[in-house]
């Protein structure tokens, strides 16, 4: 029997992170044969990724045999595919710099700036118009394809796809929960000596992307929730170094889980994302009041300079691999993208968390809101699993942002930026005055106006 | 035919405001004969109110003939009644002083401090245990009576009654919408010259108490919403003096509606309460950042000293009336309490706004949340009217507080003050750090601990 | 002040019943001046009605002054109007004969045949395509007009309008509840001697058109529900002659309320429609097993011959009035159409029952289903009132038909008659075999095929 | 590492079918060690089953090592267990005879008579009082245990458990879907030659027990739904003999799937249960009009005589095994009970269908109704999966019975048999007159009155 043939469009196929992870994991996968078409505004990067991928699959020692090719139009890319993967960078680092750092001038600090808060909202303002185009193209060229989104702001991107093309089969995938599973596996090990991979930590998540919650964690007869309680008790003040090599000083993505521990202590449930994400969903005075406070809670503010450095390194690495200067060392990425392609293609079921419109899986959050819960992935099917009820105090935190996300998406699609501002100024991180918030909002639009439709007009209306 | 006999228990019957208004309005009402039993911790005040009331109904020129009597136990008061009115002051002015002014030390300013924000939550912590007792007593002595609440925090008091005795027939009544109707009547007059009483301004409200919204206002063929838009345009900067004698400098309850105008300009709907209430539901940086900001928006922070002065004056006045020193000048109060007693007694229908658990009348807010919408009052029946959908941006503001209110009530009934604190620190007005917020919370509990169950234990657990 | 001017389109303006009632009631109404444009496939009847109306308003003794005019196109009729009234006869008496009498050949008896059951469904199959046209025309020519429907099948007609034009402001009005209020007024009188007009019987209805239920009925301190219980106890066997002149033998619309009494005895709630309507919503074996059973329950099967006779009489009467042969004797009709025009025009509020999509007013029935509950009619506003919960046993009866109605409307709009048949064969009255039911369905389509789109093709597919 | 120890109470542990299957499957299972306590009114049967089980696990060739023991009280049985399995026969064969055959005197034929229809309702009337006792005992002795029900009427038994003890962790398991998966596997094989076990047929079910629906069926890239369509087309008239040895004449449980094919043809979805179950949820005229009609549709009416014969054979077999007369030949049963024990014990996840209260997993059916959908079984967790929307025409069929089931359970718990009768007489199979239905209902109560609380009184009230 020949392997199943799967056709995949990759929008943002020049991506350094997600595309690279995919290329690596495919090397281990021979239950199907994949044809990947890469599309990117930066065509050269897409070509490089394709070249790299094809080089790898040509290796004798590599079992996965797939084909990659860069394409120059959305039409060519999407035509006839079974899947669409999207991971784009909306704009470049200068726009990201504005998202992350402009609010600092007003005393608002963000640890990520791409999901929620001022940075997340502005990023949405330039991403959603692009996603509108994607949704319309998918509707035209491959309406039955499964669409897997990795771009942030995750919930708003997925919501935009459904608003524009309600019959789309889109879902959002994110690895933040995996990290928490690793921490839980460690908590189990610490208490019992039992060592398991993170996939074996059985959790049911409930919440919105980057702000999901776990109310139960088990492994066989072991109650990992209680192990975690012990971990929190013992390390509440110090934090916990999961890898043993966490370098808070030099790695802006690092954290010692103190925010997570504090949320557990106060709310009795496990917040399942990195601390730098969690902090952004909480009122600004809690964990992100100022850089000192962030230090106190032992996580970091990501700087755009660091991201640029990182990106350049990845770009150079790709070139080095292609030109043969460096050997590409293969290891599995720990991501689940390939497993998801497999499962939806009918090659083995998978239970994992993902982001979908709420149709009953999450209690207390409005129908249609993009929520993150578990789902069963099987042949041509992704079915969300009904998650347990969150307590009212957690729902209050989650809904505050969830309601705003839906409204922001709709307001952006309507190009009604006053409505966007009303959500902006009610965001947990925006604790400044109305006037200052308006100035900040306008500054951020001004900085990125070439990527925001009707921005000139809006700025003029507001005296800029 | 003899007039219908209605038996009414009044808990908080020594009340200076609400009881006085009721006594006045009853003087004009002879379609029924009311027997009122007044219960108050301050028995003397109840006796004084009863004496005053009976003196009035004895007057020749007064058509309403009713009977008032002070009672010393809840049992005697509630036994056999058709209605229960509740308007209590939970604690005294010193507790209110703590609610209103303690947060100022942490930079949090409140214009009322009895509904939401730190003051509202602390007030709930000492009111809800009392309401639990009321609900149980009503269940025992008069389970079929209609219960009309006037005490703040309104939504939380009503919610507590339903949590403790789910079959209770309770509703919350408030006059804040009436004030907005007056403003709308004026807007109509300004544009058209048509003069109508506020009851003729047809509105459907949707929201939570002190933070309801109007999306349509009509009088016959006149679109009052558009008249109001003109009023806002013309007076956005200056504000609008509705009575022509508004004395911002000396009357802390006064306002020039600038907050209301700003909300209209930004949200496209009419917020229907006094500005000092509206401001408290908005993020702290908007209208209550500091006393200067409040001045800028042309409303006032209510001081407790003013309330004490006012209360003393009312107390003295009652005494003066009773002893004959002063003549009691009768005028209708503008309140609807008597109309509601009448309507529920089957003596004529009424459509007005009131606070009830959501059973479909308000879209986008969880089942069971106490919401304020219109209702039809008729014989033994109060049926909420389905209100229009609010826009997502308004729902985001409303739900933020609404979700917390339900949770706060449940947490207080569970005596779980950590859960209360989690809502406290997510309140729109609490924009300070976690640590400071915890200090404030503990200070406020300490100040009022004699009225909060389990407070000593909780303070001790938290190092006080 | 000059009276308000209201523009009304009347589709089906040649109507004998509803148009006549409207013309009569307008004669008493001078708070507005109405311009009515009548549209009817039978243009002459429209002209006759206009002539008659204008003759009446010209009379000295008539206070209402309005203008009627027949129009020849939908466009002219709808352009610029504030209201659209629709009361049409879809097809003529021969089609109605098929609806009512064809099922009798298969042992299925219907007392009305225009609402539910085989007759109701077939009538829907020829009415809904027409309503689709109406909805599109309203969307084009007068999208802001209020649309008042009187045509049966009521719920399905209203549903069709909303399916085709979701933003339509349509409602369905029906007088069946009024008749039950009269019976309740009589029950009150019998027990207490108190005589009141039916409007004073305060009820909140809950259900679907022609199958609504009342769980409470009050007049001031009087519990009419208990009076009714007594009426049922005393007259369960005999039935009750409300008018004292009920002529079961000659008036096919007459009944002695035995079905209503039986439903009360068995379900503990008051079914609020004529017995001939109620019977059709119940399983066929209950009240409509055969003509003898109908006789036993003391109501009648309406015959189409009777309807033809009645119609001819009305037509002749109109002619006689126009030609002056007969004098038109004015009396109020008891209908509420004119009150509704007034209330929505802002000339005084009204609380009455009407049919609207469920948006929270009725518990246990899916969102969007057309339900009949109370509503408040005021300036440019019709807001449904939240009705009480029905017991599960009643909801089971109601939902059985309600779910089917929504499905039938959608299937007809899709021209998918197999789906219609699946509902047809699950109808309470259709207790015959699948094969027979299919024959009946095809017979009924065949009889009326000139009015059903795609009917020829469907018949052919099914071997006809 | 020693195997996990699991304690299980088996109520109805003398059961011939379910207990036997369990005993067989445990023989293959050594990932845990189970202690089973059997409780049965027929203590001797429980002892026999325990003896048989222990004999099997003592065999050298058997890998599963477990311990069985009969207990004489519920208290001893339930104390300290992790699981409770319930499979009881409420009453004996004489009661079942009344359920199945009494309605035949009134022309109502049932193919099973234990789930829905007159038989199912009467069976509920004697089962639910027993389940009330079980629920209270579980609440007292093992409130955290997982409860797995196999008794019919499945949905009503599970509902009763939740009504009496809302915090219970109960689910209902049934193998009817498995049979349909086998048919689908065969359809796949017929079209493609691919042979797979039934577990590999990926389906998401949606409905109520014995009346669930499948709208999609896949195996890898193969659309089994389309294979099934072909099977239906080719075998619509003849039916399909799945096993090749189907003996319609002698096996009353046999069928040729013609009912299933007809439902597919008419509704476009796969009804997933045996034909004899499906037929009972459809209006009586469809497939169960009379014995000839049943023959036409190629399934059978189960007779109680057959069941008695079968039961006696099983009883004798058990004795023969115990006494060593016969050797017990081990084969896996095909049931999933053991897999479920394993999965909930954390020994490997399972996705399968089960019956749970609706908390979002099924669209269009009221919250709390017992529905059958897929669920994920993992450590101490059973989470339902959100199933796809059923079309309105199918929901109409499903809801008709689903609404009644909830109401019947509540009415039985209230001992309000008039409400039960109102559901009885609205059942799809009850197409007879009200009077006859009442006689039938009373007959059936009379036949089984020793097992129905308050039955004597009810019969007397109704003139018996």
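In order of appearance the chains are A, B, C and D, and numbering begins at 1 in each one.
Heads up, the rule we're going with is that a contact is a pair of C-beta atoms (placed from the backbone, for glycine too) under 8 Å apart; a residue touches a chain by one contact, two chains touch by 3 or more.
In this text the structure is predicted, and so the values were computed from the model without any measurement.
Participant: Please identify each chain that touches chain C as well as chain D.
Facilitator: Where chain C and chain D might share a partner, there is none at all.
Participant: Quick one: point me to the chain whose Cα centre is farthest from that of chain A.
Facilitator: The most remote chain is C.
Participant: Distance-wise, how many Å sit between the C-alpha centres of chain B and chain D, to the nearest whole number?
Facilitator: That gives a centre separation of 55 Å.
Participant: Mind checking the centre-to-centre distance between chain A and chain B? Centres are C-alpha means, answer in whole Å.
Facilitator: 44
Participant: Touch graph of the chains shown: is it line, ring, star, complete or other?
Facilitator: Ring.
Participant: Hey, which residues of chain B end up touching chain A in the complex?
Facilitator: 266-267, 283-287, 289, 293, 364, 366, 391-393, 395-397, 399-400, 403-404, 406-407, 410-411, 418-419, 421-423, 425-426, 430-434, 436-437
Participant: In their complex, what parts of chain B are in touch with chain C?
Facilitator: 4, 202, 204, 216, 218-222, 345-347, 349, 351, 359-363, 374, 376, 378-381, 383-388
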